[in-house]
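Same chain, two partners: chain A is paired with chain B first, then with chain C.
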Partner chain A sequence: MKARTSSSSLATRGSFHCAWLVFCAAALALAATLPAEAQEAARDPAYRAFPLIGSRLAVWAVAQLHLNFAAFILGVPIFALIIEIIGWRTGEPRYDWLSHEFVKLTFAAFSTTALLGAALLFLFVGYYPRFWTYMTSIFFPTYWVYALLFFAETFTVYLWYYGWDWLAGPRKWIHVGLGVLSNLFGTAILFVANSWVTFMISPGGVDESGALKGSVWGAINNFTWMPINIHRLIANIVFGGTIAAAYAAFRFLAAKTDEERARYDWMGYIGNFVALAAFIVLPFAGYWLGREIYAFNQTMGITMMGGFMSWLWIIQAILIGILFLGSNYYLWLGMERIPGSERYRKYVPPMLIVLTLGFMVWATPRSLVLTLDEARAMGGTHHPLLGVLGVMSAKNTVVNLMILTTFLSFVLYRRANRVSTRGWVGTGMAVQWAAFGVAAAIVVFYGVYGYFVESIVRIGFSVYQVLAVLAAIVLVMAIDIPMFRGARSTGRIRWGTIAPRSQYVLILLAVTFTWLMGLMGFARSGIRQHWHVYGILRDTSPEAVTPALGYAANVITVVTIVFFALVMFIFWLGGLGEKGRTATHGHAPAPMLAGGSDADA
Partner chain B sequence: MSFLRSRFFQAVVVLVVSFVVLRWGIRPPAPWSVIQLYMFVVLMAVLIYVSADSDSWRAFVRPIRSTLVDPDRRHVRGAFLVALPLLLGYYAYTQAAARPQAPPELRAVHPAPPASIRFRGKEINISGVDNPLRKDGAALRKHVAAGAATYVRNCMYCHGDNLDGKGHFASGFNPPPANFQDPGTIAMLQEAYLFWRIAKGAPGLPKESTPWNSVMPAWEDRLTEEQIWQVILYLYDATGQQPRRWETAH
Partner chain C sequence: MRVPVGVKVGAFSLLVMGGYAYFANSIPQIESKPPQELSLEGGSVTPAQLVRAGEEIFKTKGTCEICHRIGQKGTRAPDLAGIGGRAGKARAGTSATQYLVESLLQPGALLVEGYPNIMPAVDKPPIALNRSELWALTAFLQSLGGTVDVVLADIPATAGAAGPGGAAAAAVKVPGDPAAGAAVFAGKGTCIACHKAGKLGASPVGPDLSQIARIQTPEYIMKKILDPAALGTVAGYPKGVMPPTLGQSLTAREYTDLVAFLLTLK
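Moving on to the complex of A and B:
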């Protein structure tokens, strides 16, 4: 046990105890409400009014903040673990350092998450008593599971973090096992919480009056539970990656030495890489979720896609377009620090063109905002060209092409400073390009064909498009890895020399993604319209109307700002602890990256 | 000419050309809201293009810099000093000046239908129902013909004899009558959805779709249940569209 464990920052340890206090308080509050619920259900008001801003806004803001933090502390450990395993298998200390650094970030955000969770609970109990009583009548058993899981999660993360040096060397596998366990508990927590929120969207396992028919499992395993589990799990990884990269960007911009810059440049790169890798599969998970919502209730599906929310999807598309462009841009800027990458510069303009055109199609609205004159000039509300671009066939097609392009960016980045020494390199490359070409052709073919078949068949086409893209990715990587194993290097990556504007891009990506999460949270709750639990428990409060998009956007913006303010404060606290102990730091702190390896990712 | 190869000049050219193409190249003209959206994307792409490597970024910034600080560019600077405020003023004017035109609005073209409606005192399910007349294959042609007659008598004035939304009265209405030839209307809706829209018309539209100024009449007091199903058959038959099917829940 060396310096770190003993000198671990007071801030994090203190905050950890705080997390426990909060949790116990929440549990007590919960226990206290139960008897009250039984006795006075009849006399209790259905709602109370939160002072000043109203109950809905209070619950909305706190829930979103809680979700942001929870997503962060569940997403980061997933890839921290993967990085730790990489470090363990390759024996490279910098991965171990990085993994520890990531877990440190998680750790710092732990107590805030619990605090916000408790606040959310208080708000429900206090301001939405009837709703909470109903949810409790269905989900009470899961509350205990949740509490136990929270306990287990806290305990294992605690051990994982503080046992880093203690369980090093030959006992590393135990340590990795702890990481696995933390992630299992974390994912289980997510799944339990998702059962509540998905039940509100698509209640299952209950009769017309809302009473449980069989076991609580029917309510848990409702239509949207699994799709949201998957969608959120992936989104959380992306989110964790972008926030970690933004953190690295801050540290990079504030760095005083080249060595520090090199380290945080690399950390930002890995964070962004993780985010990008998970981001690429997110659209697929999203479509699955969308389909399940349709399958549960057609009306709800139409509300979501075609009704008053149709403009929301345009904003979503713009945000996603920014994410695509931004992460590619970051990769291209990153190529500059790699000697030998000049060979691949010429690919940038065509890739940019594909991404730009894709972005434009992806953001083409289905319902146009029109003045009357414009409508007259068009002879209706439907535009012959924009109408063609605004439908699902076109959007699925371009999003798949954008994914392929992003993947190509990454492949080029990967080989920027390597020259393969294999004899079969010509064939290998030809097969790779062919894989890209064939996948793009399949995507375009089904995209165009989709216009000529009825919608139910068309939906099936998106599966073929996805499969083509995934197959190309797998094939290209299967060739790439052996092809560049032991390749000749054209020079080492000069970590830390990346243009500073790239770091602002990382921060922009994190902010964009956080905002996107808020927007989608609004979509998820908004499609219930004037129901707490769709079709079962009506929202009879004065705030039952679904707010307008502009209002929602303002709320989301404020929540995003508050979130980043909190995050910055927490990270700053973490930094304070670090400053105090740099002198005594025993754990291999700063792997030398400037001269590090040239085989990355 | 060296400035032709300058990054700055290229960026400006790309922007101008894109604008010209989007504004005048698309027929019929695209709505302004969409052009703005597209130009935003193009602007981002151009900025990325000029800044994707350091040399190019330096080349891009150089003329801006020199215009701002070089002594021999004093006159250009002066010209900008006059032109920019004027442009801004003009922009402010266009924004503030009152126009004899309703502001653009986003209409939820297809709001969510209710789960069921009351039709002349009878409860009719909207979700999960197919056109009952389709079961009777032998009489299908007869129903389509009857539907055509109903259409010509009641709907043609607005929705047009080609079902393209260009009836006699069409130009007087905002929003204009639906164009059934367009793949974005009946082709993506279930027949039950049409039943609801025809029976309840604009007055039956849900609260979330306000402001709603459609003139689509409610036909429930004028047409029978069968007549409405017939006219729906006709709409699909005449346009060659297929109604959307209900997805089977697993």
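Moving on to the complex of A and C:
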């Protein structure tokens, strides 16, 4: 243990101290924005101009980077804790190693997140003083809650990471408890910050002049607060999973030994599994968020989906289609390293067809801003044939079918090297297939029925579609787990023998999801158009124009490149401490998996 | 030669992101610009000009076209073809003008059967049409099958009050001459003694105004000249130096010229 706390420990501890300093600086800046002082300061300019690139671009870039890092350090600990609990309850040390490995990644990114958060705060205070004064007048009490939560989060994460060896063995439950606390504090921090962001989109608890009507709770609990809380929580897990999987993929590709390749193949699989599991429920959270935006303000909702942002959803559909196809392709490639999986290869072509068709329907536009010539050429604002596929009825239907298909991929992967020995296997299988079939039929039925009813009724159909899919997932897994418990193995998973192109798929997923996060951030901010706080505080700066998608895409791309460059640098720094380290640790050592595990995770 | 993994992964990632960015740049590029304010009060305007202005508002700032169609049945909101003619008969004892104005200001009170109550009051944020714009929009709606007879007095004086966001601030048009304002800046106003403004002046006593229109609202600039103490002193500069008497020493013309000049400094 002493050996471990040498180099790597010092590196991470140093970064943590840096985080502390940054946080203290931010706290000082926060203190400087006490309402009276802030109001005094804001008598001067409403805006200041950031040199060269302008204030908006500076805030945009720093906010996106900060959110990327924050999502990573909040998402990864959630599944790291789950993996640690699995290792604790099953007694399998490889899970403990993996959990520690994941937390190590977030630990290295902690200080960068705090640094970027402080930079964002400085930008708001310095370049958007009128806006910041107004936000402070509403949310000042939450600043202290945020600061206290940050302290609590820091202490528990610190203890969680450094107490890994100290709290091993019979004291493991205390260690797991620290992990739970860390995640609770982290989630609370997310919720507090979300209240500020969502208030800007859908202000609540204030009168027409923007003054607080009652308590600050009315402003916190606005229309989009809880949907964004849930959406971001799930998305953070997906994001964390994809980044962790990409890290593993990089290590796999750079591995020099079979053992190392096997270890990172397994880690990549787990990362992707986590991402995929969370990803299939993400669209549901997205629909809820969309519905709440419409409930808050129909004009905003319609502008978002059918106005100047309509093309954005086509790009989103393409990115999500790539994520679905990539995730499934990775699973199919992974089956090649599982003896006995040949039985299921015949399912791949039909699944690919469903996914591809679903992708195409989802990417079909309905309402786009057209020039008069374009509209004339098409014979109207909607395409005479394809326009039918552009409505929500069709899109809801295909996304649910894609989720079902992806789940089927996972189920087949899961049983690839196992043959159930249960006497009721035939019945179990039949019920499972029936569950898939009934869910698909319900989804299609409501999808078609949706064309014949009013929009307000149609919106409600998506709930039935989602429930049908979720019910099928629960039922299939409820049968699958006991059915394959104690199953006969057709061979061990040959970890490390997966085709290298599969690792590029993992990198593709991470890059695509990160880019998608940037795009969705632009959508979230862009729907406010020329308002800092929608309908309350107008953006009167020269930069009040909401830019076109091309410009937004260029910014998102550059920031994503910077993010990955920083991530690689941070991981490289974190890995420096590993070099030459041979001492044993209190937590589980790196597992030996090459060709020697029947683990199905 | 063996290509390092980092290079391969980096090139692959750049290719993926480049593809996304390329696609996003290939599609129609549409910006959302802040709506401009229209002011017709105090001016003479013909019904035809009013209708034209109203049609523009219908399609842009009013965001009416998102839900309403003209000559096409929509699912969200009624078809407005012929509304100018129908409006006078929609409710007994209510003129077409009254009906249309009320529909715009209190849409929930005059809901057309079969349609959801989703229309926002258009004089409130975020749409926030002012009186002139409401006047023009009503005229446009009247022109759809009816007679344009709405006058500004038909629009309630309380309608269209700007919210705290300062909706009017960004588009204030000052009827001054920037060139003459530059002369005031360098001459009678004595601003040049303390301020730099682009190529004019170099004094560091007061803040550099070379980008003042970029970082400040017209409202702030106008007020600052008349009552500098009321808006405080920019951090880092001496207090009480700016003369409080410019409101008396400058003529109205010189004042508007000076503001117009400052608004060119971006």
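By our rule, the second predicted complex is superposed on the first by the 557 of 601 C-alpha atoms of A that agree within 3 Å, B and C clash if a C-alpha of one lies under 4 Å from a C-alpha of the other, contacts with A are read in each partner's own complex, and residues count from 1 in each chain.
By our rule, a contact is a pair of C-beta atoms (placed from the backbone, for glycine too) under 8 Å apart; a residue touches a chain by one contact, two chains touch by 3 or more.
Given the structure is predicted, the values throughout are model-derived calculations rather than measurements.
On the shared subunit chain A, the superposed partners chain B and chain C overlap sterically.
By the touch criterion stated above, A:47 is placed in contact with chain C alone, chain B being left untouched. In the superposed pair of complexes, A:297 makes contact with chain B and with chain C alike. In the superposition on chain A, contact of A:352 is made with chain B only, not with chain C. When the shared chain is aligned, chain B and chain C each come close enough to touch A:311.
By the document's definition of touching, of the two partners only chain B reaches A:501; chain C does not. Contacts of A:333 after superposition: chain B is touched, whereas chain C is not reached.
Look at A:431: by the touch rule set out above, it reaches neither chain B nor chain C.
By the touch criterion defined above, A:470 reaches neither chain B nor chain C.
In the superposition on chain A, contact of A:511 is made with chain C only, not with chain B.
With chain A as the common frame, the single stretch of chain C that clashes into chain B is 98-106; none of the other options in 98-106, 170-178 or 242-250 do. In the superposition on the C-alpha atoms of chain A, the part of chain A touched by chain B in one complex and by chain C in the other spans residues 297-300, 302-303, 306-308, 311, 314, 318, 368-369, 454-456, 529, 546.
Across the interface of their complex, chain A is touched by residues 5-6, 8-9, 12-14, 16-18, 20-21, 23-25, 27-35, 63, 66-67, 75-76, 116, 118-120, 124-127, 163-167, 169-170, 211, 213-217, 220, 231-235, 266 of chain C. Here chain A touches chain C in the complex through residues 40-41, 43-49, 208-210, 250, 253-254, 297-300, 302-303, 306-308, 311, 314-315, 318-319, 368-369, 454-456, 504, 507-508, 511-512, 515, 526, 529-542, 544-554, 556-557, 560-561, 564, 568, going by the rule given at the top. On the side of chain A, the complex with chain B involves touching residues 291, 294-300, 302-303, 306-308, 310-311, 314, 318, 321-322, 325, 329, 332-333, 335-336, 345, 348-349, 352-353, 355-356, 359-360, 363-387, 390-391, 451, 454-456, 499, 501, 529, 546. The touching residues of chain B, when paired with chain A in their complex, are 26, 28-34, 37-38, 41-42, 44-45, 48-49, 51-54, 57, 101-115, 127-128, 165-166, 171, 174-176, 179, 182-185, 187-188, 190, 208-209, 242, 244-247, 249-250.
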